[in-house]
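Written below as structure tokens is the structure these notes are about.
Chain IDs A, B, C and D follow the sequence of writing; residue 1 opens each chain.
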Amino acid sequence: MTYALGRRVLAEGIGTALLLATVVGSGIMAERLSGGNIALALLGNALATGSMLIVLITVFGPISGAHFNPAVTLIFAIRRDISPPHSIAYVGAQGMGAMSGVWLAHAMFDEPLLQVSHHIRTGPSQWLSEGIATFGLVFVILATLRARADFIAVAVGLYITAAYWFTASTSFANPAVTLARSLSDSFAGIRPVDAPAFIAAQIAGALMAYAVCAWLLKPETEHTAP
Amino acid sequence: MTYALGRRVLAEGIGTALLLATVVGSGIMAERLSGGNIALALLGNALATGSMLIVLITVFGPISGAHFNPAVTLIFAIRRDISPPHSIAYVGAQGMGAMSGVWLAHAMFDEPLLQVSHHIRTGPSQWLSEGIATFGLVFVILATLRARADFIAVAVGLYITAAYWFTASTSFANPAVTLARSLSDSFAGIRPVDAPAFIAAQIAGALMAYAVCAWLLKPETEHTAP
Amino acid sequence: MTYALGRRVLAEGIGTALLLATVVGSGIMAERLSGGNIALALLGNALATGSMLIVLITVFGPISGAHFNPAVTLIFAIRRDISPPHSIAYVGAQGMGAMSGVWLAHAMFDEPLLQVSHHIRTGPSQWLSEGIATFGLVFVILATLRARADFIAVAVGLYITAAYWFTASTSFANPAVTLARSLSDSFAGIRPVDAPAFIAAQIAGALMAYAVCAWLLKPETEHTAP
Amino acid sequence: MTYALGRRVLAEGIGTALLLATVVGSGIMAERLSGGNIALALLGNALATGSMLIVLITVFGPISGAHFNPAVTLIFAIRRDISPPHSIAYVGAQGMGAMSGVWLAHAMFDEPLLQVSHHIRTGPSQWLSEGIATFGLVFVILATLRARADFIAVAVGLYITAAYWFTASTSFANPAVTLARSLSDSFAGIRPVDAPAFIAAQIAGALMAYAVCAWLLKPETEHTAP
């Protein structure tokens, strides 16, 4: 099946909006209910985000590929799986979807729609975390696509669940997510001034994963049958 | 396989009863054990509900389609997947099953069977939450049916797990569930006076999902082979 | 593949031992670490038990059918899926395996091997809980066997995860488990004097599930191809 | 598909590094956030490790077999699934990967790279725990390979999630992991002096699982078709 560009772009937009509504909404819920225990808040936040990613990638994968992430779209553009103009449309939809999702979460939780985050997230260890987080994400996507494409939704969802816990930055791993989360002064937020370094680290991690996969995933012999 | 209407209606009734026994029972258990930490209670409640949904949809899907939800039955009736008289039988079974499930939970936890909730759940942000929650649920059902029907039980279970956390209303997303939960003065309850607005928001969300899917899920070209 | 009776019986024994080591071991771990928060303890206990059940049923299913439960073996004997003498061997292995598993957990956690539980679990609401829990378990097994046999390990694991939370008794749902847990004076224990009523309720629930399934799961028409 | 030894060894190294970064990183995160509640910390640690194992085995399985564990490589060498020289290369890569992963976690969390653990983990009940944990791990691998090879990533991930809870040692079950965790003075650490007994217990458990499986998994008759 192939879908018209309009449908694919809308799919990217709705999917990224639902992803951000989940990340920010569950962050607000977790923060409100957890009585200051951040581990418990992160548990709820990770469970919701991971579960939703599995659902969204399953649902939107057949339509748009379910990127929801400019770093992922960049890698697919480099691989020529998507044309440059289409990539630009995708990234635009991801950005607008992400911001809409944040505002939707604010509306659902009766918070002011327009906010700016004061959550400080900076320093080399945070940037390293984002680089590793995005390296892992792109690696998982490219390797699972090759090894077992029908498992990619589950693999990405479980990866992000783990990455919320094992990286010091709780794994934004996505430039559109980073930008949008700078617009929420909640658990999931990031100061706008801290966003560019996060995004640079994410893109560096994504490119490194692409390079490693380009070499690592080449078998010497292939099966002829699937 | 096709099943006689009697079996299908009973399947809807038993399934909805077990769903409500899980929602309300795990809510009571979580409330009793969590020592006032609501995040922890929601974690137990979400884990139990999501797990049970996966099981129930797997088990009853081949018999009745595993709607368990008048909003879902409404959408399938609009799509002419189910006839109007059968829909009415389904909705009746869902309603009776849901109430039976609540009473079963009360009996298991040694609570008075007949209760009326005093849990206030009202206001535009709650209604928006229910609209979004049900939009998402119906969207996930229609899109997964098209993209990967054998994954629908897992997709719905994970979606509701996430939706318990990312919506301010903890996602009732189901008129029969809403009605039945008005009959439990526990963690999961909702005041009867608050139920109609929830149900209206749920139906609005379901219809919106139907409309979006009707446009979005139309591919330009289809594979001829599966 | 068919396996010799000796292998099948040993599989039942090892599987039930590992199941009980998990139930009791994770209960002790959870109790020790949770600082008195029982909701948190139940979360760890449920997560461990549900995960392990999925693994054990996957691993031992092809060898012995992975009953691990005299109530399940009884139902399969009634269905003539297993002969009476084999059933008796199965139940014996389950009982000995279950006790071994409890003692193994005690050894791992440096507790006295031989204990007797003082955990009071009695009263009509507890018995109702056990009846419902076992009804649900047998229902899930019989219906999933028919609807989607390759999903049975996941279905049972998720069902028990939910049932730990939605029944007031935390779902023993298994006579061998009940007997063995009477030998552990820990989180998961049950007084020996309370065990017979639990077991009676479990058998009643199992038989009721068998009867309901015998009627409910009969389609009017069958596919000829899978 | 077959991959060149260089690729396979690198896959073992990267995979083991990401596994250790997850174990140690999520341990540090959990310890920092949980406010001293160890059950909560173990929940985050287990969720992250189990999820990541499913991802890593899915991703690296087709390349290297995804051992990540000298005890597993030993068993496959005994079964002649891997040659002795290749085994040695694998174990070297696992060791170096594991240490790199620990240092990566330290870097991400702004901790001194080089540490030595002071976490005491010793005594017969700990050793028994490690023996059982590794027995179970190797048993699950060998039996799932035979019964349902495409489920092995999920089975191992769920097994380790359970084993974090049901063994008193929280299941290292891996000599490379044990060695590397002796280099982290955090939640997940183990004193270097305690490591050799852990490793001995792990190898004993692995060999016992091999022996049991060699007898238990032999069916009397086989299907000719899959």
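One rule holds for everything that comes next: contacts are C-beta pairs under 8 Å (C-beta built on N, C-alpha and C of every residue); 3 or more make two chains touch, one makes a residue touch a chain.
Values in this document were obtained by computation on a predicted structure and should not be read as measured data.
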### Task
Examine where the copies chain A and chain D touch and state whether the two sides share over half of their residue numbers (same) or under half (different).
different
### Query
Counting in whole Å, what is the centre-to-centre distance of chain C and chain D, each centre being its mean C-alpha position?
28
## Note on the structure
Multi-chain touching residues of chain D, meaning two or more other chains, are 37, 40, 43, 47
### Message
So with touch defined the way it is at the top, what topology do the chains form here? Options are line, ring, star, complete, other.
### Response
ring
### Message
Let me make sure I understand the interfaces: which chain pairs count as touching?
### Response
A-B, A-D, B-C, C-D
### Task
Spell out the residues on chain C that touch chain B in their complex, using ranges where they run on.
37-40, 42-43, 46-47, 50, 123, 125, 128-129, 132, 136, 139-140, 143-144, 146-148, 151, 154-155, 158-159, 161-162, 164-168, 212, 215-223
### Task
Flag every residue of chain D that touches chain A in the complex, lowest number first.
1-4, 7, 10-11, 14, 18, 21-22, 25-26, 29-30, 33-35, 37, 40-41, 43-45, 47-49, 51-52, 54-55, 58-63, 104-105, 107-110, 157
